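As written, the chain order gives the labels A, B, C and D, with residue 1 at the start of each chain.
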């Protein structure tokens, strides 16, 4: 996957649900294609397969479970994701936290199912800690900023330390940054500070014109490279 | 929904995953249509929407979450199910148990999203207890028989008491029965003992010829009515 | 245990912790003895044994776990409670909710360990549902009133329906009421409306003079009988 | 606390419950005192305070919760432990796993309550990951060996790598080792391989003569130093 990456988390926002979710994913695809910038989407869990069948850009699951396929009613099975060409999965989002051992098991299952893993962490030390488990990427999101109007990039020192922490944990794990990242210049700042990707949600999903917002971000990224 | 109902839970069996899940749901649809018997399916969570778009028979989700739509990354949103014509949801399966209050909240959300609710219970008293919360149906499944080779119907007294317990809890809630139900005569026995539906899984999903198994069950049900 | 019962939940309030917890339990014992009224205490989990060794009034645990004794590091073992003469346990408090099946298992373990069970429920239907599992008592506490300044007894119809619901579920289960119950006349109202006990917390534990508050309640109860 | 440390986890074994728990802790105290070797105990949660009041050796809690004191019925409050002179707490034992963020929060609360923290981890990478969060100690215990008859020290390379991993994570965090450690020569091997402490349970608690077992271990440790 070409870097840097803009990863849009649809959460369970009604604006990104069902048919509106497909439109949103297609908007991301348009922008990605027009500006040759890598935009990935993490649709609502129930929409994941549907959207993976409708777009060419990378699709991530919002979560996977670790129980062995079979007697696991109501669990999210990594191998199904692979069958439909899903690229990866978020893990341990602050809204869907899991045990430390489960994180390690999920990374292992995801590797077996050929899925990339992006593990979320709320602090600098947690970012380094999960990076040691060798996921594809770690996204540092201070929980107090998630969903709010203050971008994590207004605290450049935190972003730099997070990037360093992830790289210290494992030099091959990509440092992502998130929380309050809503505008093109936030994305720009994150990349300038060393992040290889940004994790965003409401800034795009709840925008009156998500394609416009993503376009602005893509133009900035184009310049960055 | 016409009674009685055969509800096939695909769990996360590889045999019911992805494309094989669609084939299995279509087989259920064929049998349902040919014998005018009501067969419903509960596909793997990730396949739910896909299958709901591919068959006309009732589709159930294996689980729903109760957090309000929005900041709920990795949760199962009831309203998405409704958008794609999903008929209902399982709740509190022994492999995906939830708090008592969450059961009550989920029933309330499901009603709002126009989804039927089938709540699982492992004992006679639990069956009556959850029936009081007025779900659409309660499925009594002794946990020690789930996935095994002994059908709950070999204990007719338990089935009768479960049917009674559900009806005592709420006369409008449908009594279902499950655990080890794999053959046509198990289905027959369950209905003769007063159940309005059966919940099955491996007996169909892992059968070498699932359509044949469902056909045998449908023929029996045809006679019952 | 003589009825009605005032059960004081110490939660983890600093005012009821450690040595202050022992003083609080002794104050309850004084009032109970002087007015021949039944006051029971549910101290902080870690203080439970200590307090059970220091007072003669009934002591309840705030929770028990259900894993078999042995490989259960960090779990609350019912049999230890019995060894020190603890009388019973709360279950499913809104601040410590458990799965429905776990409630049933905990009631069964508590019976085996000769502990009374008081199961908490947040609504009228939940109160009836848990009563069917035949605990010693069910305490209905509307979650929106817990810890607040509005007593559940200001809604007499809710109290009456809760009492009825518990009795319908199982005539031998005692109906308790709680949430916002802080003053003697709240206790009076609850008992007049049919409750056999009240569950209270901050109204006593955080009072500037807990013994005075309990004395006022005891005087009222004395009159009630 | 003088190194190395033998930390005996009583789990919820009936042999270490209530009065037998006090006797066991006193046996540990005798051995510790006679051989000037550091033996610490982690009694059953409910017995923690009682035992802390009866012995002079370090006592650890088996778990703490992280909810702020107050509205936390049924939770384990770190500040109560401190009031009774408890020395520290286990965290994330494989039988009581917690979310990664909860581990970080618990370490922070424990520091505030002046409790040492020993975090359990099941693999080499997890050991390094939790060490980054700067607990007092990390105990590596391969889950497949816990409670079994094969000592982790029969795999010297794993012990060495675990010690290295903990030290790499944070040079000030003490590396402990556990799982199947039941005999004096297991303890010897662990210390020779670089561990600063061992975590044991059934080998002592379920021994016909726990004081004898601990004495053998103490004699070995005496020689080691």
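Here is the rule we use: contacts are C-beta pairs under 8 Å (C-beta built on N, C-alpha and C of every residue); 3 or more make two chains touch, one makes a residue touch a chain.
What you are looking at is a predicted structure, and each value in this text was computed from that prediction instead of being measured.
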item: Where chain A and chain B overlap in contact partners, by chain label; value: none
item: Chain B-chain C separation of Cα centroids, rounded to whole Å; value: 37
item: CA centroid of chain B to CA centroid of chain D, Å; value: 46
item: Of all residues in chain B, the ones touching two or more other chains; value: 94
item: Chains grouped in pairs wherever the two touch, ordered by label; value: A-B, A-D, B-C, C-D
item: Chain D partner contacts - residues on chain A that touch it in the complex; value: 92, 94, 97-104, 121-123, 125-126, 128-130, 132-134, 143, 169
item: Contact set on chain C toward chain D in their complex; value: 9, 11-14, 17-19, 42, 44-50, 53, 61-63, 67, 69-77, 79-81, 83-84, 90, 93-96, 146-147, 201
